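Each of the next two complexes has chain A plus one more chain, namely chain B in the first and chain C in the second.
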Partner chain A sequence: MTLIWGGLSLGAIYAIVAIGYNIVFISSKTFNFAHAQLTMVGAFVAYTGLVKWHLPTVLVLVIASAVVAIIAAIEERIAIRPVGDMHNILVTTLGASILLDGAAQLTWGSQPLTVPFFAGDSAITLFGGRAYPVELFLIAIAVLLVVGLGIYSRRSLTGLALLGMAEDREAALLRGVNVRRLAFMAFVAAGALAGFVGLFVGSKTFAVSTLGAALALKGFVVLAIGGFGSMPGTLVGGTLVGLAEAYASRYLGGEYANLAVFLILITILMVRPAGLFVRTKERVV
Partner chain B sequence: MANLPLARRLSGGPLWIVPLALGILLILVPHFNLEYSIVRQLQLAMILSLLVSGLNLSLGFAGELALGQVAMYAAGAYTAGMLSQRGHTDILLQLVAAGFAALLVGLVTGIPGLRLGSWSLAMTSFFLVLLLPDVLAIFRDDTGGRNGLSGILSPTLFGKLLSPDDYFMVIAIVTVAWFAVMRNIAVSRHGTALRVLKKSPVLAASMGINVFRMKLLAYALGAVPAGLAGALFASLDLYISPEAFSFSVATTILAASVLGGSASVYGAVFGAFVLQFGLNQSTEFQKYSLVVTGAFLIIGGVLLTGGLTGLARSLWRKAVGEDPAVSASAPADAAAAEDVPAVPGKVLRVEGVAKAFGGNQALKGVDLVASPGRVTALIGPNGSGKTTLLNMICGFYRTDAGVIALDDKQLQRMGPDAVARTGVARTFQTPNIPEGITVREAVMAGRYAGHRATVLEAVLRLPRYRKVRKGDLAEADRVLDLVGIRHLENAEATALPLGQRRLLEVARCLISNPGVLLLDETASGLDEDEVERLAEVIRRVRDAGGTVVLVEHNFQLVLSLADEIVALAHGELMAKGTPEEIQNNERVMSEYLGIDPDAPEAPHVVLADVAPHTPEGAER
Partner chain C sequence: MKTRLFKVVGGLAALAMVAAGCASEDASGSDSEYHVLVLGGISAEGVLADNASTSVLSAKAGVDLVNKNGGIDGKKVTIKVVDDQADPTTAVTKLREAIAKEKPDLVLNSGPSTVADATLPILKQNNILSFNIGPTATSADPKAFPLNFDLSASAQNQLDAFPPYFAEKGYKKVGILHGSSSYGEVYGAAAEKTFTAAGVDVVANEEYDVAALDMTAQLEAIRSKSPDALVLDAYGAPLGYVLKGVEKLGWDIPIIGNTSVAATGLISTPPPSGVLGTPSVKNLVMQVYKSTAHDDAATDVNDLVTRMKAIDPIKATLIVAYNNDALALVQAAAEKAKSTDPKKLAEALIDSSVLEGATTAIIDTYRFTADSHAANPSADEFAFIAPGPLKDGQFQ
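Entry: the complex of A and B
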């Protein structure tokens, strides 16, 4: 059970990253390569706030959200908005992710930094397994995000507009939805979310400049399993990836963890390329 | 002649002379007694340019971002290294083995990676790079794991030990040879087909190109130079370790590709040399390399769409002083093609075809027959299902019920590329024309799927390739004459005005000798002259025996051209008959044309685009 808690919390992190991808994908049909790096920056900012400046946790969460939201806003303005071609967005957001990796390395060094967690780091026993408070928090955040975003998108006007936009951009435009502004706001909101969860993610994994790349990939695998745009899919995908990773590294050895995830990705792409929770759409000319 | 600008005179000659001369110069470098550090940088730059060139095939030509070059590079390097360790030191053997190993990696990762749109290849290939250290660690007995693979022996060629100078020449020759191969692919029909694919997979499929296989071809073929580079690298240092294949190498390759221009052949060399000699010089600089590379990719992606070669090309064009669209002189006479060769049309039958999108019944039981030598027009208000029907004939949608057949061949279960190869050719509402190719090349691309020549045949310019190429050229002449844009054959295809782009699309369809020609609102947005020109072309095709299906809003044009008119409304057949009958059909008049038949005098109608009854987006 201890292994399961570990795997689930790891999966929750990936699911949270995938949710970030999804928010951007739903609102603008683009894929922000750098989203995982935004989470990483959130973890670093949390470290600086908590360890260097000794600020209270709530304040650190606010600061991290704000800082990363601003970075996301800048990214949208320089790396996404001016790019005409969809192919190039992949290149520019990858550029942004590499830039953030490099900047993080310059600012915080390449050693892993411990981000302290406010609820302590003594393990508790739950359902016969030992789990750390941060792990339970991560699982809770992932579930709450999916449920919350689900309700939000159906109940609020903005959420409905977002769904409409995802369905048909032009039609939404004709209905008076400011598509560009909404996409921008969604992008910034995804950034703020990444900043907010940075503290939790960092507490579980350490804040380290290679975190971004690992999260980006696993987040993508989660998305591929659940299907692009599917929020509940991220939970299933996260669970699968997290558990696979935990079990593979426990029973086969550390070097098999990524390999196991890669095999899942390949299998999913071969068997059900659109993911488990998305209907295949017919091509439109 | 004498007062022509120099550039212009040069541009007349075969341009491949320049890179070939530079290549020979590179091979002769050992004779120039250069400093060791420069020689080493040159060697690394050549290896890097091989890697970049492989990426260009998939990123620049097929339009798929892949980061897996490094994994293929490593596959090549470890294959060569392990061969050498076991005493197989012949560099030729190593190159061949490394090329195949890399090709294998490319195929195995490309097949799943290409199944799901553009991000999945980027991600699976990215994943591949991060997996490398793990895989090497798992097989540490053979690969040396994180400690690296040592004990690689000096390379030999036909039993003779190679000196460092010899080895330099080997690297240079392999590099030059690959770029010759790459150049031959790029200017061949395969290069054009890849550009079509990059422009639009839908277009590619409608021309009979199997999208998945074409992408896989580009990606897997790009593995070969990476494998060669790996073998060359292994025997250069006689030591390889996972550090040489880190993710930062992948970003360097990508940066070099973007800098040089991904869609060019020799841009890879530019980009690789600039990055090798520029970025990797000072160790102080290493600290900032990630930041710089990242910033560079953003700037490059935003500004330099064509990379440095794109920039150079547009400057060159200015120097040569040719503006392709303008310089072309008007045709002597539009009716230049007096004797049009026969276009063997086939019978298209549509019986009881139905289609629902969710709860929206777009088509219910539509019948239609289009015969050779006749123009069959399909009219109806927006949302009546015209374009849906067209897309079903082309295989882009699956039918819920009914039969679509061309002569005796049923089409309704085929994919779009198979339908196209059976003989269905179409144009698009918005002309779909690939970038960076001439009018002639764009037209010749229409024969790609119907007349095959393999990549190998194209690379080596084997007889079958030459024969197909000759046919391509001759047929292009014929159809360009037929539509009357022969005088524009060397203009850049995307630079043509709308009317001529439409004619280009018609020519691209005709060159494949289609059993049926589907024209999707070809006349919209054209002025009167252009419409007349188009109508003339359609008449010629019909008189030559072609089967033409015309989806059109311009009612006058339909009346003047069509032999039979099929009117749809709400996904059902509203009326069918000769222009005369349709013109006087009450339902057509009220529902489509919006005319009250009882009114004293019906106004002269030019086009009608009325009665949007169906919900928004139903037809798109």
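Entry: the complex of A and C
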């Protein structure tokens, strides 16, 4: 059971990163390759707030969300908005991720930093397995985010407008949706989310300048497994990737962990090229 | 006609003078000085910069000591530091520039193996004596580079110190956990071979991806084989994940970390930033050079620390302060050879009386031979210590 808790919590981290990718993808059909780095910055801000400034956790969560939301807004203005072509945006957001990696290393150094967790840093026994409280929180956050965003997208006007944009951007524009503004707000919201979860992610992984790079690829794999734009898909993808990594490392050896993950990815993409939860649509050409 | 002849002769004379000037610039420095050039990635990022800064600082401290003791073969030692950004291309360009301007007598290469790989052929071409911290496949081979000497210990040197420690502690079965980096893989394979040859039962040898975020699965696999101790190769965040994993499993096992473990700031920093003094490290010991663990009785090392601190703060552990030893070795070799000729110095550096007599601090006795210019320190040069706070490059 310890292995399962470990795999699920790792999968939850990947799923949370993939949710951030999805928010941007749904609103603007683009990928923000720097999203994992935004989560990393969130972890560093949480470290600074908790360890250096001795602030209460709630305030740190607010500050981290605000700081990373501002960074995301700047990124949108510099790396997304001036670039028209979607393919070029892949390059500019990749550039932004490299910049954030470098800036984090210059600001906080390259050694791992402990992010204390408010619910304690001692492992507990649950259903026969051992887990840290933060691991259970991560699993809960991933599930709550998917459920919450699912409800929000269907019950709120903004959520419906976002779904409309994802379906047909031009039609949404004709129906009076401020597409540009909404895409910008979605980008900033994804940044705020990355800042918020930074404390939880950093408590499990440490705040370290290599964190963004470690999360980016697996987050993308989770997205591809679940299907681009599908929120429930991120949960299923995260669970599959996290458990595959844990079980492959335990019974085959650490060198087979990535191999197992990519084997699952290839198999799923061969059977369902658009991912598990997205149907392939015909389009008029 | 006469005017034209004068012009031609005058021009040739001017050319000859320019050429003579160039020639004098190409030659080694004046006879009264011994020129040392230090290559280091001072403007590199993070840990690399701190390491380079400490290497350069140790070279400066070494120069101070050597000059205080009469210089090298009576010559005053001068030092020039070149920032190669830990980049081979930059290192090659700057080394060539430095040689063209004023050929150094000695080059101390403080950078990674990639820089050594790029610069050693140039040093060989120019017959310059050199010492190197980042070893390459051929850097310690006298047939390939007769004037180069490696200062750092190899993974095998470090591993040779483990079996006596196992015997002392009564560990008969060990598990190994190592990273997926090229060093980690070599270390894992060499560790298993060395321990098995020493009669220790290696019950598990597991690898982790250096980009992974959780090592609990590998630890569970090793725990299932019930080893007496866990030998660990880890640096940076992976070390933190391993310690968290061990604590999560509630596994009460002695952990013996290699020098990479000792180089990770997390274990020498108290909470809340680090884990020093927490239950995570209660079973951890790590391998260090004896010179890296503070000892009031170690006069040579304490003297080095004092000299370094007098110049600048020490930012990294003394494990990268080999350059001090390089200067002490050259001074001892010059006394034996009664010359600063690089070939004569290289011959003297394989003389055991020179190596034993040199006032080195980081490694007590270097063991260069005619067949190998590797430092090859003995197992006695290492110690296994519990994590402690790092002060002035030493664990307290």
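As a working rule, the second predicted complex is superposed on the first by the 285 of 285 C-alpha atoms of A that agree within 3 Å, B and C clash if a C-alpha of one lies under 4 Å from a C-alpha of the other, contacts with A are read in each partner's own complex, and residues count from 1 in each chain.
What we mean here is this: a residue touches a chain if its C-beta (ideal position, glycine included) is under 8 Å from a C-beta of that chain, and two chains touch if they have at least 3 such contacts.
What you see is a predicted model, and the numbers here were worked out from it, not measured in a lab.
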TODO: Tell me which partner A:171 touches in the superposition: chain B (first), chain C (second), both or neither.
DONE: first
- [ ] Determine, under the contact definition given at the top, whether A:106 touches first (chain B), second (chain C), both, or neither.
- [x] both
- [ ] Would you sort A:116 into first (chain B), second (chain C), both or neither based on which partner it touches?
- [x] second
- [ ] Classify the contacts of A:3 with the two partner chains as first (chain B alone), second (chain C alone), both, or neither.
- [x] second
Task: First (chain B), second (chain C), both or neither touched by A:213 - done: both
Open item on the list: After the superposition on A, what does A:72 contact: first (chain B), second (chain C), both or neither?
Closed with: neither
TODO: For A:258, select first, second, both or neither according to whether it touches chain B, chain C, the two together, or no partner.
DONE: both
TODO: Considering only the touch criterion stated at the top, classify A:274 as touching first (chain B), second (chain C), both, or neither.
DONE: first
- [ ] Tell me which partner A:205 touches in the superposition: chain B (first), chain C (second), both or neither.
- [x] second
Open item on the list: Based on the A-chain superposition described above, do chain B and chain C contact any of the same residues on chain A, and if so which?
Closed with: 102, 105-106, 213-214, 255, 257-258
Task: Residues of chain A defined as touching chain C within the complex - done: 2-3, 6, 9-10, 13, 47, 50-51, 102, 105-106, 109-114, 116, 123, 130-132, 204-206, 208-211, 213-214, 245-247, 249-251, 253-255, 257-258
- [ ] Under the touch definition given earlier, write down the residues of chain C that touch chain A in their complex.
- [x] 45-47, 180, 206-209, 211-218, 220-221, 236-237, 239-241, 244, 247-250, 264-266, 269, 271-275
Task: In the complex, chain B residues that touch chain A - done: 59, 63, 65, 111-113, 115-116, 118-120, 122-124, 126-128, 130-131, 133-135, 137-138, 198, 202, 206, 247, 251, 254, 258, 287-298, 300-302, 305, 357, 387, 391, 394, 396-398, 416, 428, 616-617, 620
Task: Complex interface listing, chain A residues touching chain B - done: 31, 33, 78-79, 82-83, 85-92, 94-103, 105-106, 168, 170-171, 174, 213-214, 216-217, 220-221, 224, 255-259, 262, 265-266, 269-270, 273-274, 282-285
